[in-house]
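As structure tokens, here come the structures.
One chain, chain A, links the two complexes that follow: it is found with chain B in the first and with chain C in the second.
Let's turn to the complex of A and B:
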């Protein structure tokens, strides 16, 4: 898995399921999911399921912090620590 | 003698008695009762100087953060009526609420400028925006005043509210069956009474450390602030429950003792607990409302919070809270939401307003000093909710919910009278969602239903009939909804049909859609 393809899959997941668009410019890689109202609490839980299903990455209870899960860039950084 | 008739009197008293006690904690930052009093007074002095008259409305549009707390008390000290708007509210609805309330000032944050700047020109009565956060350089119809400049002016003499407790303190906006949100009018007397009733049955005192990650636009969140200040206790504010580990760290760091949640929060908590066991010994009270707490959660919550009393509660914005189940009764009456809160009464009537006996299902009526004064500017809708002729001289609230009472006075929820959807603890008006769907070019018919869901209570499903050449699909429809509705109102599923089933009177038949 290259970093690029993970980025693409992740972006596609957010764009398709939360922004309902294919317009790539609708989502900046460093935009906070929460502050921008892209994801809410339920959305973060769905993101965690997606990381498990797609990348086989399990998120532990103490890893549920914005540093790991609040933007495309932070999720990619978090995935990198898991590999 | 300590006089605490107005909500703001509680803050004056806490400041006088214990100015250096911590009032609010947000992340690493602690704020004392002196900080809260002084900042509230600065905001009040500014509003008064700008000509805010007693009883005029001031809107607060911010996410959970420190400035929201002195904003609320600043409005109250100035003699105004505050309303808190959820920071996720989109421009169209924000404009509606600002216009409906006739808000004279908006207290907000630069973070949500994208939502409020475009609507200011539509709000004729609005005089200025006071905002926290980064400097805004926008070319704008109204004066934009940084909160920091308001706070930098020292207050020379105390700003007093010049109000009595029959005056309005707040409008609390809630979804209405006609689609437009309605402002529930609450007086100081209403809110002070309710605070004391909640404090009584929750058995709280000044040592409480109350956690609040619930949105403050939601009365359940708002009352955590009001109770904390009423007690002279400490409030721990978190932005949301979206990142649970952050909340867990806050509980442990601050030794939080009161944990108010809703079923989706408890379900998340239990999900995490099954992977990595959780234990929060500092918590002594756990409360649930907004939707029923599944009975099987209770034993697990007792493991997570080994020292806590667990409260199941039920309420509606129109009287804030109706009932609570004594924690000691949780096992004896596992499906009940308990009895009327202290100082209030409930009863069940049939459709002819005749009293029903134990275990008979009917409509719930509520009486007490917590019952609202009505909906702002909506006398007809008020008349449907407040019944005048049952007890002379008194307004009694018709809850529009079906209930049963048992022999011991415990309430059991049986269903709603109207078709308001309750999803994730939030009330959603199907009409409000349908109105947005009808604004999509190509949508001919739309109907929105709540589908029972074990986790969310109900999930939102939309049925639409579209023009064949509209080019619409489920994704485009949900995209439009996301741009115009708060996240929790966006339909989870959109089913596209040729046409929707009709009743004999040619209305869309929700009954047929449901089957």
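Let's turn to the complex of A and C:
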């Protein structure tokens, strides 16, 4: 898995499931999921499931902080540390 | 309930022409009053009435005139204190030809002029023609139980109990009001005087209009909710005295709502409000009381066991109608014909199926516990607001927001430092707790996510400020009210009046010719409750504290102490069959989105894809899907042609 393909899959997941669009410009890589109301509490849990199913990455309780899960960039950075 | 309608024309019309127009309007209100029909035409005015006979079955025909022909009234609803008003007017020399509450209105107006509405205890929409003054007086009850709509142009002023009855005499077809849809997709209901249709308006709760001619209309409020502005104005009596007073008021509010010449039943949800009401009725009715309830095949929503417990304790004759997703999908199109509004969840549908059930068993009138949560402080939104106010006093606190997890134990939160997430989801407005509508910000924020599906063109043409309209709803003194009272005021004037009493109340009852009566909305009880210190509504996090204290006198602890469970019904958005395999699917198609242009087809497509993937939609998504579906049903039924 390349960083670019991970970015693409993650973007597509967020765009299609939470912004309901294919429009790439609708989501900046550093846009906060929480501040912009893109994800609610259930959305965060779905994102965790997505990371597990797609990248086989388990998120530990103490890793569930916005620094790891609040934007495309922060999730990718978090994935890099897990790999 | 009945149906009323009328026209004030700029120029006198030929009586036969006027009557034909009134008859076309009245035909649309048949369901509200199948028992009789009547018309009155005189010069520029025409009044019509469809009757559901409940009081004075022989003598209460409408429109009703005074013997001298000076006054004529068409009236929907009930004046529950008509017996006392009649006696009072008789002592002043008035003579009565009937035993109906309608005749009381005529004499009361003659005695007190425009101040007459202040004397009425009831639920009503009234159209009264004063032939001497050549003016029409329209009045709506204090909390908006009975609906009343109007339209005016240079030629005519027309009014009716439902919008569909205005349609036959409108100069053009009905058109969507985009700002009202934006309101609904924010706060569940459009804000009066607007309606979902352009140029159609509604009287507000507690409002009176005086129509001299179609272009000269004045408006005033004869009653508005008010609360203490400082602690010394609260009722300072001891708790035991307050419980006695509540007991007295609720007993009398129930007693006068049992006045009827036909049998009366009751809705029994199994919760505290309907249980205490049924207990009070049980003591006042000699025959066995018939109670009605809904049950749901989805066990997560079903309250049958709680209902059975109350039935067993009080010994009522009980009938339950079981509802599944299929029935809701099947009845949805007809439901929207009656709500005359998009809805964000399909909870009104079962209420319509319940009123059909009641009608089939020969009843015309039911008492319900509606209003207790708003008036006496029962809703979770009041608890949530209380926690958020507490938290706003120390915004940096990490544990204060955790009180919210006790309030919503079913809320799924990521593990770890949940306070960070709670702050993002509930911290909206944390820095502005003095905002009049602070209590409702999280709810409106969640609901507003449904607007993501509006098309770009629709958004570009939208000019609406929901918060400006909310600001205008509040009187100036609201700045000095307790935050708990502000939350109550907002809930009563928005969700209760516009949605619970209307889309989920009157419209679901009257579609099957059933009248609902609501003792907790007796204005004497409301005025008493408004002066209660907030601690008697919610003590710590215990809702409806005073009502529970009173309920202990009538009900065992397992009923009187039961925690509030909100009415939740199966939503079509959770049913794959309803969305994809029923007639409803067309309303979500690309073609339908394109035809109306309100919603972006591609976004709706992604939402359906998510629903089809059998993933549970979250609250915002389910509301959006239901909103899109019912907006399209509404547009197809009301706006695609002249109805």
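Just so we're on the same page, the second predicted complex is superposed on the first by the 83 of 83 C-alpha atoms of A that agree within 3 Å, B and C clash if a C-alpha of one lies under 4 Å from a C-alpha of the other, contacts with A are read in each partner's own complex, and residues count from 1 in each chain.
Throughout what follows, a residue touches a chain if its C-beta (ideal position, glycine included) is under 8 Å from a C-beta of that chain, and two chains touch if they have at least 3 such contacts.
What you see is a predicted model, and the numbers here were worked out from it, not measured in a lab.
Once the two complexes are overlaid on the shared chain, A:20 sits against chain B and chain C alike.
In the superposition on chain A, A:65 makes contact with both chain B and chain C.
Residue contacts after overlaying the shared chain place A:78 against neither chain B nor chain C.
Looking at the shared chain after the overlay, A:37 reaches both chain B and chain C. Chain A residues 16, 19-21, 34-35, 37, 40-45, 61-66 lie at the interface with chain B in one structure and with chain C in the other. By the touch criterion given at the top, residues 411-417, 420-421, 424-425, 445-446, 449, 452-453, 602-604, 606-607, 609-610, 615-616, 618, 620 of chain C touch chain A in their complex. On the chain B side of its complex with chain A, the touching residues are 63, 88, 111, 239-246, 248, 264-265, 268, 271-273, 275-276, 278, 424, 456, 475-476, 478-479, 482, 487-488. Across the complex, chain A meets chain B through its residues 16, 18-21, 34-35, 37, 39-45, 58, 60-66, 69-70. Of all residues in chain A, those touching chain C in their complex are 16-17, 19-22, 34-35, 37, 40-46, 48, 61-66.
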